[in-house]
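Data first, discussion second: the structure below is written as structure tokens.
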Amino acid sequence: MKIRIVVPLAVDVFNSLVEEEADRLRAPGTEIDVVNVERGPASIEGSYDEALAAPWVVEAVQRAEQDGCDGVFVDCFGDPGVAAAREVVSIPVVGGFVPAALTATAIAGRWSVVTVLSNVVPLIRDLARKHGLEGNVASVRHIDTPVLELQDHDLMRSRLLGRIRLAVRDDGAEAVVLGCTGMMGLADDLAATMADEGVPVPVVDPTAAAIAMLESLHKMGVSHSRLCYHQPTEKLRII
Amino acid sequence: MKIRIVVPLAVDVFNSLVEEEADRLRAPGTEIDVVNVERGPASIEGSYDEALAAPWVVEAVQRAEQDGCDGVFVDCFGDPGVAAAREVVSIPVVGGFVPAALTATAIAGRWSVVTVLSNVVPLIRDLARKHGLEGNVASVRHIDTPVLELQDHDLMRSRLLGRIRLAVRDDGAEAVVLGCTGMMGLADDLAATMADEGVPVPVVDPTAAAIAMLESLHKMGVSHSRLCYHQPTEKLRII
Amino acid sequence: MKIRIVVPLAVDVFNSLVEEEADRLRAPGTEIDVVNVERGPASIEGSYDEALAAPWVVEAVQRAEQDGCDGVFVDCFGDPGVAAAREVVSIPVVGGFVPAALTATAIAGRWSVVTVLSNVVPLIRDLARKHGLEGNVASVRHIDTPVLELQDHDLMRSRLLGRIRLAVRDDGAEAVVLGCTGMMGLADDLAATMADEGVPVPVVDPTAAAIAMLESLHKMGVSHSRLCYHQPTEKLRII
Amino acid sequence: MKIRIVVPLAVDVFNSLVEEEADRLRAPGTEIDVVNVERGPASIEGSYDEALAAPWVVEAVQRAEQDGCDGVFVDCFGDPGVAAAREVVSIPVVGGFVPAALTATAIAGRWSVVTVLSNVVPLIRDLARKHGLEGNVASVRHIDTPVLELQDHDLMRSRLLGRIRLAVRDDGAEAVVLGCTGMMGLADDLAATMADEGVPVPVVDPTAAAIAMLESLHKMGVSHSRLCYHQPTEKLRII
Amino acid sequence: MKIRIVVPLAVDVFNSLVEEEADRLRAPGTEIDVVNVERGPASIEGSYDEALAAPWVVEAVQRAEQDGCDGVFVDCFGDPGVAAAREVVSIPVVGGFVPAALTATAIAGRWSVVTVLSNVVPLIRDLARKHGLEGNVASVRHIDTPVLELQDHDLMRSRLLGRIRLAVRDDGAEAVVLGCTGMMGLADDLAATMADEGVPVPVVDPTAAAIAMLESLHKMGVSHSRLCYHQPTEKLRII
Amino acid sequence: MKIRIVVPLAVDVFNSLVEEEADRLRAPGTEIDVVNVERGPASIEGSYDEALAAPWVVEAVQRAEQDGCDGVFVDCFGDPGVAAAREVVSIPVVGGFVPAALTATAIAGRWSVVTVLSNVVPLIRDLARKHGLEGNVASVRHIDTPVLELQDHDLMRSRLLGRIRLAVRDDGAEAVVLGCTGMMGLADDLAATMADEGVPVPVVDPTAAAIAMLESLHKMGVSHSRLCYHQPTEKLRII
């Protein structure tokens, strides 16, 4: 199958990392390419950033369908533009939140999200509410680090571990979801470190979960419901 | 106070009606003007339309604040761009859903929404979930009529009455919210007709509710929480 | 419009303060007068106090309607007698809880209440449940101070600030509701102090919210649903 | 043990029936007497009636404790005055709703209430919400019959059967709660009739459930929590 | 009436204690005997243990019905095999969770469970969810003590008090449920100690609650709904 | 990877069909074998059947891990023994419900289950509650057909279509989950038929969803949380 990863940012600083990671995560028969949106923010850290990115996400998803892709991963934990894009294409489209949240629900009763900034905590809570998963969320914590500073892996790693420990100990988390797709390639290491500390908490990486879900939906031959994401009505639209 | 109504459509066919209605609804000291967004769809009937309108809603709301407005009503029941706009301004911003839904909650235990098309039913359910009001929603029904065909008032009125009767009788609605801001000027008449039939069900008009809420927030001196709608971080954004 | 404030207490020690505050909060065209109930407790701090006040609240609300009032504010955060009063009159009747809780819901995703005593914490939780708002409540905290000791403004103010800080930091509150109508005239100052501390949390005053809601309902021409608050059946009642 | 049944009505037309029924339902060692409240309505069919009865319920419950009773049943499905009465005494106090609702929860996953009039449907829904049981309620239906017309047993019986059939077939009820304590002595017969029709649905009688719960709490040596129903603060109360 | 207590363990070390306690708790006319299951674990501390015990619980409950018993208490807080057993008999069957949880709901708005090990915390949360009671649970805490070490009463007592204090102070518990039927005979003492400390929190013993509920259901003449716990279909079963 | 399908039945009548279907659904690198449990019922249609199967499911899952399998599908929609089995192995174990329910949640806002008999409707509702997904369930309907009569494909197909139509039209389902793993190989055809009727409702097959989820979890390197499914304590167990 052919998956396209749409990075909903106007900059391509993350692309090579995303390509590498996607290459590591894809199943044998899966081809993945990575594109950016034409316009939008340099990172997504709030509803304003999402609003700026969404129209261009939709456009990129439409192009992906025209290019013969079998699924699209909108590479952001906040699922920006995903509902809109689902209305205009038939191929499966997922963001980072839903695949990661459902994976966590499959393996644990209550799970926490650890994200980048306080700015996005309400957005993540709203995603959980929107998808009817609020009762499974133990907490949403953040490492107080903007997306564009996640490059310092050691700092990110140590801050994530700090929040994961609190999520398990104080909030009753039984699994942890990394709440930003910029936190790539760390989940295994974090889980192993926690296990070494005697706290065997699974850590879910949203990129891995998203690619796996697209591969699953493809195999199952199902896509998003057009009774939920209706085909747009015909009319004037000035874009 | 000065309220600006941002009609999130690229066409101004509704503007004169909105102006008339706003003039009828405003409190003595309130000035209201009406603007359109620069780009976007001709009507909003799904997530795709909302995504297209949202960036321009934000821009129009920012301009409203710069122009000294004290509040903004984004004139659509789906609250498109409202969360994003709240992040970039300090003055109160409301769409149609929240004021109408909260008014209904104030006067009845369970209420129904009657909207235009099946396309927007999932969006309205998601708004109810997002604002924690799902338990108060008796049902979301629709009249199977696109926004741009609401001009036929007699047809709209008779279809709305049909759905309101069902909402009360079969769904247990104790109040009804008109689920499109294009259903202007009908609430009183619908409520009176129902009362004449022996079913005294209040009908909430989202435009009236929105203007009243902006006037209330202004009097109370409160606006949306910046702990929920955080100021956007500084960074490159290509719009 | 004419609003009557029914203070559900058998003593009038708060009346002049309430009058002053009401005068400050009312819209230009609004007239407000303040009355007490004939019998009842000196303050309301539990279900027993509410039960004692409720019959006399109903009576005072009936008299308000006979006197041509357009709305009644039952001046207590616990909404004592409000449901009963709504059954016997057609004009809008609100207590302190619903208007304040809905205002907080309009401006923030999750909010906390800070009230007077542990005694009323379960009552406030029950009000949130009754109105389907439980999912929006971050916490209900109290300042361990009886209503009749709220006169010491400095003490009340410093205790409220202590609880507001905890509500934001530990409970995730994005807005705060003052959980007693005796905490008059403090909301702006508390919000300003918090903002100065770098925590821009809106503070909702229930008296201001109630008066604004009555003015809004009056403008909108809607009142409580008679399908929810049914007209009492005719029969013997010994009062 | 000594149970007192407080009929929260100003008339004693039901008392002899209640006494007979109580005598049939009590455990061997239980003594039961029946009293009326001093003032109040002739029947309870709404919040107004509850407000009128509540202060006198509290008084009657206090007298019961002074008279050495070990528990009080406030004989009405709406639990009028129960929360208030619990604040002023230490002995267990129950109304009709909580014992019947918890019995239904013990024996079935989802249950319906069949009550007297549409007027009380919102009150019963609110009781379910207040006690956190809303998710277990399949529906609240009514037989459109005032309390004071329940004397016509054949009519009541046939109307109840009609609603019970609908509750099972259309609402998914697995058990039924009779939603008025005036529907005495019918539960067994209704359940047997339904079973004869091939629908083995248990029917819970609130009077039986309430007496059984008081006997249970007495045996267990527990009463309502004073952390939930706090002792009233000392102060002036004009009754 | 005749109650059989089925201890779902393959060992009888608890039986004499259970017999003593049952004798203390039963109503005058109630006979109680105690049996073990034929196979199963030595204690129940997880889903695996429950799965091993369940088939033998069902068998023991069937035998109880054949022996003319009027009710069965499956003596474990996790209700192992209870749903299965209810499908094959008509007499009431209860475990420890439901009777204790419903008793707590009857006397308090929010309650906590204090159980033995972290292993069973998710199971108890799931029971609360299954019975629609999750909104009433303040917390589930544990004393980090395996069932088979509960013999050291002083240690158990002091650990329970520690957790009860935290449940009230930090979690808002208004009542406490002992979350293991092995914590016999302690509830009164724990409640008295807490009351002496100025924290009058009721403590519910699951064994006492279960016996009282069986006696109640017997008096009321109701049992579990066969619309919820359906009679098993006829077919081959290799046991 | 190596997946073992554990058919939790004591009969192997379904095995060849399951093998065929598994072969059709597996990813290129996946090996799948199918085994039965040693003892248990001929089909699973209630809690009693689940209790009989569960110990043998656990045993079969343990053997799968010893045999080097990378994941186990317990081939029944009711997830019998899954929680217990997860406690004793480290490899991922899933039943039919969770993978299908999460797939439906990924593609639609509200979905219905269509299952075999009324007997299992309460079990499916309880699974939805247990996994925090109750708010996403539009309805649980059944075709009134025992598992062992599913062989008549035409009858099953026509009954399923009847229920799917009702689920969409009357219950608001946006996707449908086939609520029995015996309904193999029908999902695509049912979805196509509905689409031909103008109702494009996705239909989720639990077997396909389960295999895809095991492949996903394997690729992601995560398994169930040992903080939720704790390792059993050491002690005597008589099996």
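A, B, C, D, E and F are the chain letters, set down in written order, and residue numbers restart from 1 in every chain.
We take it that a contact is a pair of C-beta atoms (placed from the backbone, for glycine too) under 8 Å apart; a residue touches a chain by one contact, two chains touch by 3 or more.
What you see is a predicted model, and the numbers here were worked out from it, not measured in a lab.
In terms of the stated touch criterion, the partners common to chain D and chain F are B, E, listed by label.
The chain with its Cα centre farthest from the Cα centre of chain F is C. Chain centre most remote from that of chain D: A (centre = mean of CA atoms). For the self-contact between chain B and chain C, the two sides draw on mostly identical residue numbers; the shared fraction is above half. Taking the options B-C, A-E or D-F in turn, the interface that duplicates A-F in more than half of its contact pairs by residue number is B-C.
The distance from the centre of chain E to the centre of chain F, each centre being the mean of the chain's C-alpha atoms, comes to 30 Å. Separation between the centroids of chain D and chain E, computed from CA atoms only, is 26 Å.
With centres defined as mean CA coordinates, chain D is found 42 Å away from chain B. In chain E, the residues that touch at least two other chains are 109-110, 122, 126, 129, 132, 135, 174, 227-228.
Taken together, the chains touch in the following pairs: A-B, A-C, A-E, A-F, B-C, B-D, B-F, C-D, C-E, D-E, D-F, E-F.
The part of chain E that touches chain C in the complex is made up of residues 109-110, 135, 172, 174.
Of all residues in chain D, only 121-122, 125-126, 129, 134 touch chain B in the complex they form.
Every residue of chain D that touches chain C in the complex is listed here, in rising order: 10-11, 39-43, 45-52, 54-55, 57-58, 81, 83-88, 117-119, 122, 126, 129-130, 132, 146, 148, 227-230, 232-233, 235-239. Within the complex formed with chain D, the residues of chain E that make contact are 25, 27-29, 92, 94, 98-99, 102-103, 105-110, 131-133, 135-136, 168, 173-175, 187-188, 191, 199-205, 208-209, 212-213, 215-217, 219-228.
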